[in-house]
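The same subunit A turns up in both complexes below, where it pairs with subunit B and then with subunit C.
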Partner chain A sequence: MTATSTTAENTQRISMLKVLNPFHVWALGVGIVLVGEFMGWNFSVAKGGAYGALIACWVIGLLYSCVAMIDSEVTSTVAAAGGQYTQAKHIIGPLMAFNVGLYLVMAYTMLEAADALIVGDLMSAVAAATGYEGLSPQPFVVLTIAFLAWLNYRGVFMTLTLNFVITLFAFMAIIALFVGTDPLNPGSVLKHSDLLTELPYGWIGVVAALQFGMWYYLGIEGTCQAAEEVRSAGRAIPLGTIGGILTLLVAATLTWYISTGLMPWQYLGQATTPLYDAASIIGNPSLQVVLFIGTMFAAIASANGCINDAARAWFSMGRDRYMPTWFGAIHPHYRTPFRSIIFLIPIAVSFAFTGLLDQVITFSILSGLLGYTFMSINMIKFRKMWPLDVIKRGYIHPFHPIPALVLLGLCSVVYFATFLGYGASLLSIMAFYIVASVWFVMRRYQFVKRGDQFTMPWPRPKGY
Partner chain B sequence: MSNYIPKIQPKRGQLFDSLFILVLVYVSLYIPLFLESDTASVEETAIVQSHSWESLGVSTVEQEQWQKLGYDEQAAAEIINDKFDYTIDPLMLIITALVIIGYFFFMLRVSKAQYREVIAEKFGDSSRETKQ
Partner chain C sequence: MILWEVLSYAAWIVSGLLLLWIVVDAINVSREFDEELLVSSREGADELLEQIEQEEGAR
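Our next item is the complex of A and B:
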């Protein structure tokens, strides 16, 4: 089944296939994020101790619940590839949209690079454990990105069906580990009463922990990128996104509970693969194998989803001439944004090989954070410009404007948390977006067709 | 009002623009390396030669878990003694806050002006429209 083009001028344009259902949307969102449970979240333990990480888990969980609620309403109404980028174009304006597009591409491409590095490192670790010391992880990084890009090139249905299977396995691995810790008998395997300590840095450490608390959920908003390819955006996006955030809240809480009950907080705060280490401590070889595969699958699912989302954001910007139009093409047979997929392969590989993993991850987190700040402003303007009785929405989130205001407040606190650990990187990344914005206004905007930026069948916005 | 007719960008210009944004990303990735050290982590007792579990303040259960993870007291000491320093430089904090607020202020202001052009072209001049 193919979608039809929406504007008279674009009647010859090939569009993407509408083949996805809520499970694919869930697989896209959770698939991108779940790797954060297997590694990354635990750096929040180093920043603020075990309880600091738990507070970060729930505070950032609140931030992402607001993101999921807002996203579900706006995306179920603005059902187009590009997700938040397309929303910004229709609600705030071209410069904001350009920036949001860049946030998405940078956040996902850099996360993809980090995921591929994880796969490479895991392969090296397996080789070392089986007597092949010194195996280079770099070929595995390239192979992972190349294989997943090929999968994405061939079609979105197969890509996200695979993501569903491997993400479900990774999630079940966390459940299996939880069951393996004998949770009904506290003290037998899990030793919270002996391992949990007071806040090592006080409340400032808890605030600092919020930066890495984002790893529990970073990327769930990526579900919006599937909006143009789901059979029913009004049903699939809210179901997939809200189901996804609920899954992640459960996974994050279990992950914290298992890890802090098995490892001293100082070790946990610097561990590379905390859940795998947890399985190792328990001493159950089957669980170790399951957690190893789960970690690998989580990293692959994340990279896969990131390729999907980054390519669609880049494609959308090309289609609207915010970036070169050459990228705005869809494959005539596979109906995928193939040029954008191919273009981003060497970029992701080069990010992985910079040796600047800290900066790459910070760039990814901060780009995501800038996007969430945009969402809060976007939601308030959306309701103001098109009140509920003016246009039909696929989903209406409750308690407006509380989620938008809470989101804005929490984003401000996370900026401060990022400043505490990565102040220079924060300024450097802001400089990138400022220079890019000036470049867009001075150079790129001359190629943009003004009227084409508004494609939704909505009435004139209030106030304009 | 007449619709804006955008320029058609030649292939060479498209290539240049793609490379420009990439160069900009790489520059911003490397800038922190040239600035003052970003990591606020300091090793407080790097000079100490030997440690015992008692001197590290590690309980019996914690010691067992460290050992299950393959760490002796010397290896564990390196991790345990690695602390963060959360001293805040007020001037840098103010500069950072102003940069972020200024960025959003600039972006929203320019976007609003551009959005008016989009709406005017899509829906026509608002002064000639009947109220919806």
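Our next item is the complex of A and C:
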């Protein structure tokens, strides 16, 4: 565990605490994502029907498996907060790093806002069920963000230990629901033979469903933000990330199997809380309670992980002067990026108060997608500049360059799918990042200390 | 129902207290510690990889 250290020049330095283990890494990645199993994924059913949603689940599962493998390899060598931002800085260059940093901060802050909105809406739903109509979700939205920001401020160990407990509960709730559907006797509870239909809108509907398939897995790449605080990052990050994507593949498939066996696609495609609805259809009150708590916990775990990741990405950009250095401060007692955590609170609350859940989520998904596109290019460049025999990796992903090329191809298809449903959002988000890039080049880059950016003890890259 | 109204007010109050605590603590820390120390962290390599390299170098 690192406290303050004294350098050769006898100047004291503060660093983050290395207190996390692979279970925390798993909790960070799966915790951010699992809420997508409880709600959101089912919009893919409205586009592609039940089978279309299954194709989206597995095709996007392949996309994220590539993300997890690529991320594990690069992060096992770039053990620093900032994750993909730091990778871009070392492997591609400052403009890409700035953009990737911004994708991360926007994706996680938007997702955090959406999660807090979900908690607020769930509280309103409980109030309505107990006879109190019209309860404002706003105080519960603010309480969620304030409590989790306070927790993040006070230290990473407790933050991610809590995430581990509530994420595990939410995952076990899905398993309990699966067991409750009597899966050994198909037809007794689950009626797939009656409910599964042909593709309602043909193959174009399946393509359109891909965008919503991302809800199953969006955020697993967040594991690498823990790299500076985990013991033996070269081993722990790949373990936590690969364990995380395996957990999500199981959870996503079970979620699809349970829901499509209980609800017709026309209802499922517009349901707000499909897994809770599934528990209600089974008619087991205990399962209903477990699924309600699971939904709440999944939303809280996601918001918690998002605060952690967004703050570390913003902190890293401040540390490198891509943003004011003031944001690059670490709390001397709690060893957290405390100013970045505080700075992002009002932004998350503002997004949440708009109440535009679908727009907020779309912005988050598109920012994530831009990040995945970068990762495929990044991986090919990384192996070319630093081949396997040049620098040590804690994990080496198989079949290179196939995962990087598959990732690039699938990202292109999802861009097309997003354009079909949210063309205006896609273009406005692209415009936002282009304007931000112009600002960075014209105004901000002059403050960046170019020589200080390359911090990894790697040899000169091949060809340079 | 009065319970939900009380819970709403309680949520606002607790949120306010938590945010106030964070802001006050951040101000105190910024006053108490030198700015150079607060922004002194540096990116570091993973100690596991360093250990592997040292072991291989010793062989």
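Simple rule for what comes next: the second predicted complex is superposed on the first by the 453 of 464 C-alpha atoms of A that agree within 3 Å, B and C clash if a C-alpha of one lies under 4 Å from a C-alpha of the other, contacts with A are read in each partner's own complex, and residues count from 1 in each chain.
Basically, a residue touches a chain if its C-beta (ideal position, glycine included) is under 8 Å from a C-beta of that chain, and two chains touch if they have at least 3 such contacts.
Everything numeric in this text was worked out from a predicted model, so none of it was measured.
Judged by the touch definition given at the top, the superposed model places A:Val360 against subunit B, while subunit C stays out of reach.
In the superposition on chain A, A:Ile342 makes contact with subunit C only, while subunit B stays out of contact range. In the superposition on chain A, A:Ile434 makes contact with subunit B only, not with subunit C. Shared-chain residue A:Trp150: touches subunit C; no touch with subunit B. Once the two complexes are laid over each other on the shared chain, residue contacts for A:His331 go to subunit C alone; subunit B is not touched.
Touch criterion not met for A:Phe169: it reaches neither subunit B nor subunit C. Counting the residues of subunit A touched by each of subunit B and subunit C gives the higher count for B. Within the superposed three-chain model, A:Tyr257 lies out of touch with both subunit B and subunit C [touch as defined at top]. Shared-chain residue A:Thr373: touches subunit B; no touch with subunit C.
When the two complexes are superposed on chain A, the residues of subunit A that touch both subunit B and subunit C are 325-326. The touching residues of subunit A, when paired with subunit B in their complex, are 46-47, 92-97, 99, 102, 106, 191, 194-195, 201, 204-205, 208, 262-264, 266-267, 270, 277, 280-281, 321, 323-326, 343, 347, 354, 356, 358-360, 363, 373, 377, 415-416, 419-437, 439, 441, 443-451, 453-454, 459-461, 464.
For subunit B in complex with subunit A, the touching residues are 3-4, 6-9, 11, 13-15, 17-18, 20-22, 24-33, 35-36, 38-40, 58-59, 61-62, 65-66, 68-69, 71, 76, 79-80, 82, 84, 86, 88-89, 92-93, 95-97, 99-100, 103-104, 106-108, 110-123, 126, 129, 132. Per the touch definition, subunit A reaches subunit C in the complex via residues 4, 11-16, 18, 76-77, 79-82, 86, 127, 130-132, 135-136, 139-140, 142-143, 145-147, 149-150, 153, 227-228, 231-235, 316, 318-319, 325-326, 328-333, 338-339, 341-342, 345, 392, 394, 455-457. Across the complex, subunit C meets subunit A through its residues 1, 3-4, 8-9, 11-12, 14-16, 18-19, 21-23, 25-26, 29-30, 33, 35-49, 52-53.
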